[in-house]
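Starting off with a structure, shown below.
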Amino acid sequence: GSPQDTANGGGDSAAPVKVGLVYSQSGALASYGKQYIEGFRAGLDFATGGTNKIGDRAIEITEVDDAGDPAKAVSAAKDLIGKGNKIIAGSTASGVALQVAPIAAQNKVLFISGPAATDAVTGVNKYTFRSGRQSYQDVVTARSFIGDPTGKKVVVFAQDGAFGDANEAAVKEIIGGAGATVSAVRAPASATEFTPFASQIKSAKPDLLFVAWAGTTAPAMWQTLDQQGVLSSTTVVTGLDIRASWPTFGAAGTKISFLSHYFDGASDTEAATAAKAKIPGGTLDLFHPDGFAAAQMVVRAVQEGDDDVEKMITALEGWSFEGVKGTMTIRAEDHALLQPMYQASLTGSGDTFTATAQKALTGDEAAPPVQAMKG
Amino acid sequence: MTEVKSPEVTAPAAAVPSEPAGWSRLRPFLPLVVLAVALILPYSTLHLPGIFEGALNSPGTLQLLAVCLVFGGLAAGYDLLFGRTGMLSFGHALYFAAGVYGTDILITRVGLPLWQAAPLAIVGGIILAGLVGAVALRTVGIAFAMVTLAFAQVGAILVARDFGGLTGGEEGLPLDVAGVPSGLVGVANTVNLYWLALAYLVVVVFVVHRVSNSPTGRVLAGVRDDERRIGVLGLDPYRFKLVAFTLAGGLAAAGGVVYCLIVGGASPHITSSELTLSLLVMVVLGGPGTRWGPVLGGILYMYLDHRLISVGSSGAIDALPAFLSRPLSQPLFVLGTVFILAVYFFPGGLASLAPRLALLRNALRLGPRRES
Amino acid sequence: MEPILAVQDLSVRIAGLHILQGVSFTVAPTGVTVLLGRNGVGKTTTLRALVGLTPRNGEVRGTVRMQTQTLLGQPTHRLVRGGLGYVPEDRCVFAGLTVAENLRLAERRGSTAAYDRVFALFPELQRRSRQRAGSLSGGQQQMLAIGRVLINDNRLLLVDEPTKGLAPKVVTEVAEVLARVAESVPVLLVEQNLAVVRRLARDAVVLAAGQVAWTGDAQRLLAETELTRSLLGVGSAEGHHTAPGSSHTAPGSHHAAPGSHHAAPGSGRKDGH
Amino acid sequence: MLATRGLTWRIGEVAIVDAVDIDLAPGEFLGVIGPNGAGKTSLFNLITGLRRPTEGQVTLDGQDISTLPPHRRARLGLGRTFQASSVFGSLSVRENVRLAVQAHRGGSMKLWRRAAADREVAAAADAALDRVGLTHRGTALAGTLAHGEKRKLEIALLLAGEPRVMLLDEPMAGVSAEDVPELVQVIRSLTGDSGRSVLMVEHHMDVILELADRIAVMHHGALLACDTPETVMANPTVQEAYLGEEL
Amino acid sequence: MDAVILLTLTGLGLAALYFLVASGLSLVFGLADVLNFAHGLFLGVGAYATWWAAGNLPGAGSDGFGFVVAVAFGVAAGTLMAVLVELVLIRPLYSRTIEQVLVTVGLSLAGVALLQATWGADARPFPRPEWTRQVTTILGAQVPNGGLLLIVAAVLVLAAILAFLQWTRYGLIIRAGVENREMVTALGIDVRKAFTLVFAIGGAAAALAGALGSVYFGTVSPQQGGSLLIFAFIVVVIGGMGSVVGSAYAAVAVGLLQQFVNYYGTSGLGDICVVALLAVVLLLRPQGIAGKVATA
């Protein structure tokens, strides 16, 4: 054999459709990954009418664990592409999404990024799509909490690093651009003691505090903000994480205004009902819609494009479909996925909290600014 | 107590029982044979089920092998510090990361072509190692380990802070392939990356062996045993350690360049102290201070690290009862268990297996002959 | 008299080197038995094997009995608690502990600690009892190492080169101490200083090439120039420049050490190698 | 040649080495005796630079070397052995000596040359080994040597450096009686060469008396006496402080 | 002024947490000469056992005496775990420093993965008395009670360990065994017991730190121990290996430094300052602030 050989991609109309899913089965994001795959299976079932076939072609799914490590994800993606997969999906972690996207472009295969929220995936290249929301959409939702931002004082509290940078930039652009003065308090992601930051926030006396914090120290952070009286002195907005994390907000939970990507009961669509019926446990969570949408996109791509990736792209660009959250639209210019977003509040105590939707924003209302396609 | 015990060096070959004449004549050529096999391996469509996912020449397999080879080289370079000079550095990841991020930033952010970025990144790694070493080598033993760890930690913090958006923070920085020769881009060209990794490994092994058999290498071995004595002999141990430290740093940075190309980007995983710890594990797993041990250790470690993940999600594991399948589907659980078992079952590392196998072979060979 | 210690066919292999190859000897229940031999012949190895301190990569065979008790294979701490005191070759005091703490550590439950005995022998230790042992000089450390063992009652003492690196004055002191100790407890002593041997030893065991080359009356060994030369390679026990420490400080005045008239019939047998 | 002036090393209030003035003439053999803990080893550490003196100076050929690190002093021709044997345990005996030869001849910082190929170094090393009678142990790992053999190896290491001033810290300690004359012979042969001076700590008086031109007596860190052997041995203070009663 | 008091007290709380983690590490690291990378796992075991006990153990709960029982259970579990680890894994490897690193690294990987396999990767709310969530007003500063609890616990642990080492026979044996295990056995002492004991104490201290740390964080997660470990290592080294008092000083220095720099400087600078402190201390005093001067 020759070293440059890659397994032939097929094209045979009866051959199974090969789809590779590279996501976190282990590692820190394993539970996001779990929701993603459950959603994906449910979505596949929904989109193929229970046959798991597209036309006559069976769908052959290969799942690979990346453990949240881009290097492993890249290896897996190369392996899958080498074996003739024309569609790669998954990417629970932003780092993985960012590094797999160029691989997809270099090898001209379709890549549908999963829960990874980084804005940088949008418009990164024409082969890359996303089945989840992005940070911008969170921030746009956050803006909806303060009515007219003009003259208001907004503070962003975010962790160091790209995630925090992206949120700070988005708030400056979206809320600051609308007339508010935005300042930022940043803290190391590894911080364990938050009093200095809480003091800084408090002395800034903001009208709105936008918190972008991910990771295991979040409960300690909330408790400190609560203890130092930040939560009771201003409107505090943050993203609502997966259901399992709700009790960790503790008493702080009921004092926060949440923007939400999704929670069980946020929508009442046909897809949501189907998904609820199909997933283990019957309760939807944050990232089930992402997997579900990914499956819908895969089916659409294969139906319209067969094995021709260019055709798949054309089929997906501008496509609107009914997902778990409601109407979703793939914006043709930069492949952003326009989708409804929610305002929510938590009630309850101890281990049992309930989220209630206060308001839903439509996909257009929550649309992020358009990016130029980079590649 | 603060002295780190340097690893014991395996006894010279005399300890190995005499081997059959034909074999001993072949033996020096064994590395060449292995190298030749490694070179032609991408032309084989052999399928080894259970060992690799696809055929030997499939991109997935070659990619995995390339990563393994880079870490084999990295471990061999680290052994120059640890096994041969007795310096326990916990910050070797820093120079590797300097190579990876240096290349990536110079290509992606600055826009340099690879042929300019790579040497700059390596020189940067060497300078960094020289500077850090100049400070850290004023301490010895555990203190030295901790100072190197501290510097590496600063590196990790800087990468995570994402100053000026240079490093991409926790999301990492995908490599902009515009600056990279097209022969190194795309799945179909994975084989070139494989050869690149192989070349890196060969260079590192050659350099390490050459250096440790040089007069300097002799001094380094002396430093490992008794640094004070080296001073009284009229040599400045500090200078020699600094040379070894800088050289090892440079080799690691070169490995970083190759790794950056193979993976197509940089991610903050590689700045963590865990990477240094795993280098240490690789070296100990293979056999510190031995010729091939660290290389084998590095290759095996990375292989397990990547493969256990797919084993963990395989059907065979799922079929087991929950109390078994749950932990076994955690790759880190399996990897950790492997380390522990390796310590007890291969003391002295993989390299100590060879003499033991030779003993076994002799026993088997002598047995029948005596009867006849 | 029944020997206190009977070593039979002791073999020790370390890292592939066959250091002891079937060593057999006995230690009399009173007085000092001295173990002699050139550097590297395995004297230290013998003592360490007896007390169970052969390194991990070593292998010990044979039988060793202390009265009715079998020694080999038992953990060191149990042997020592059973009354086998050991003073190692390189002192091994605990540098980070004070002198007092070093002594306190050695106290065994059940036996009364004989501090007076130790301080009477080494007043220096009492004076320095709050000093860290690591900052003692070599000689002071040696005193502490011996004192540490003497604080308990023992059935047998194993002492490895106690006078190594000591000033002549201290050598004399140490020898006197050992002589007094040996009045109540049998001692197996390794010693290079022939003057000390002459002062103390009743029986001698000479090792050569991993085996016992000679056993018998120590004084006879030293007295017979022929024997001394062939076994120990020393021109004369009193040779002016040869036996270290012997010429100036040991004019051979104390020939008759207590108990030195014991001469077991049949001793003096010379084993071939 | 080697001289110390007011050399003092204090730990806290205690002077371990107390204002020691020593002058070592070229080719002279100076024995150092003194009770245990007198500060002999400490004095050596100060002279070779392993410890920094609190006060005072060390000069070699008139040059003040008090602030130089150990390796620079070794370069200037100061060699020593240690009271507790210190050899390179994981190297073979022969490699140990080759390392010392190589250190002395310079050119150790050669990363790209094969060490084994240097015949001059090998020959010099073998000569040094031969001189102490360790040739037959050449391939053994130094760490596995018996104590006496290590002492010999240490002297071989010292020899390899061809020092002009040698500091020997109890070279006879632990050496079996039969080997003492041989070692004495070796040491004597070293000093026979022109201009080489020796400072030797030794408790074996006969060895000192045989070799030393002068004897320095240390007590409580200070120099009690420094004179010809006869005078020193006759000194009643020395008798009392050091030699003690006869056995 | 308020800010200074608040930062000082919360900084001391952070220091107390570091000290609790570091004390066990320092004992094992300094005295048994084992670089225990599995210390973070002991922390996790203590935390999870406390969490489990509060929900399942009869008599235990999240408040009042029940909480004390739950923490005691957690500490017992950590101790047991440490003893088992010592007996089974470490004991055959004494004086083989590098292999110990390997085994403890393997153990921490496997153990944390096992925690994750059993209870999931996500943080879970930690049962704790209501008062630990509240604040006490001291000189106008709102000081979290969780931090005060840590300070009290740290002081008690420090006193207990010091008393143990200085005044008990086992303390003496441990200090001697560090220098020369063989010689301790040659004095008729079963040194292995002493080292098991050191591990037990280290495990207990770690488990307590895990439990109280979780009270402070409000949650328990598998990775929590590991993230504290690096600062604990820094504290141990700055303080001087094996010196528990040194660890206490170092913990205070690190906690306060981090807190004040994070407030008055920019974010992330706190961590860098701590690392710089480590480098400076080691360069000036390689043995750490309270470490013993190496003897020649």
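Per-chain residue numbering starts at 1, and chain names A, B, C, D and E are given in the order in which the chains are listed.
Heads up, the rule we're going with is that a residue touches a chain if its C-beta (ideal position, glycine included) is under 8 Å from a C-beta of that chain, and two chains touch if they have at least 3 such contacts.
For reference, the UniProt names are B = Branched-chain amino acid ABC transporter permease; C, D = ABC transporter ATP-binding protein; E = ABC transporter permease.
For clarity, every value in this text was computed on a predicted model and none was experimentally measured.
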Report summary line: In the contact graph of chains, the distance from chain A to chain C in steps is 2
Query raised in the report: Counting C-beta pairs in contact, which comes out ahead: C-E or B-E?
Result: B-E
Report summary line: Averaging C-alpha coordinates per chain, one finds the centres of chain D and chain E (ABC transporter permease) separated by a number of Å equal to 48
Report summary line: So, in whole Å, the Cα centroid of chain B is separated from that of chain C by 50
Query - Whole-Å gap between the CA centroids of chain A and chain B - result: 36
Requested in this report: State, to the nearest whole Å, the distance from the C-alpha centre of chain C to the C-alpha centre of chain D.
Outcome: 29
Requested in this report: Return the residues of chain E (ABC transporter permease) touching two or more other chains; collapse runs of consecutive numbers into ranges.
Outcome: 113, 116, 178-179, 268, 271
Report summary line: Multi-partner residues in chain D (2 or more other chains touched) are 50
Query raised in the report: For chain C, which residues are shared contacts with two or more other chains?
Result: 15, 135
Query raised in the report: Which part of chain C faces chain E (ABC transporter permease) closely enough to touch in the complex?
Result: 51, 53, 75-78, 80-81, 86, 88, 92, 94-97, 101-102, 104-106, 108, 134-135, 148-149, 152
Query - chain D residues within the chain C interface of the complex - result: 11, 33-38, 41, 83-84, 144-149, 170, 172-181, 184, 203-207, 209-210, 242-247
Report summary line: Within the complex, chain B is touched by chain E (ABC transporter permease) residues 30, 33, 35, 37, 89, 92-93, 95-99, 101-103, 105-114, 116-118, 178-179, 230, 233-234, 237, 241-242, 268, 271-272, 275-276, 278-279, 282-283, 286-288, 291, 294
Report summary line: Within the complex, chain D is touched by chain C residues 14-15, 17, 37-41, 44, 89-90, 135-140, 142, 161, 164-173, 175, 192, 194-196, 199, 232-234, 240-251, 253-254
Query - Residue numbers on chain D that touch chain B, as the complex places them - result: 48-50, 69-72, 74-75, 79-80, 82, 86-92, 95, 98-100, 102-104, 107-116, 118, 139, 141, 143, 157, 161
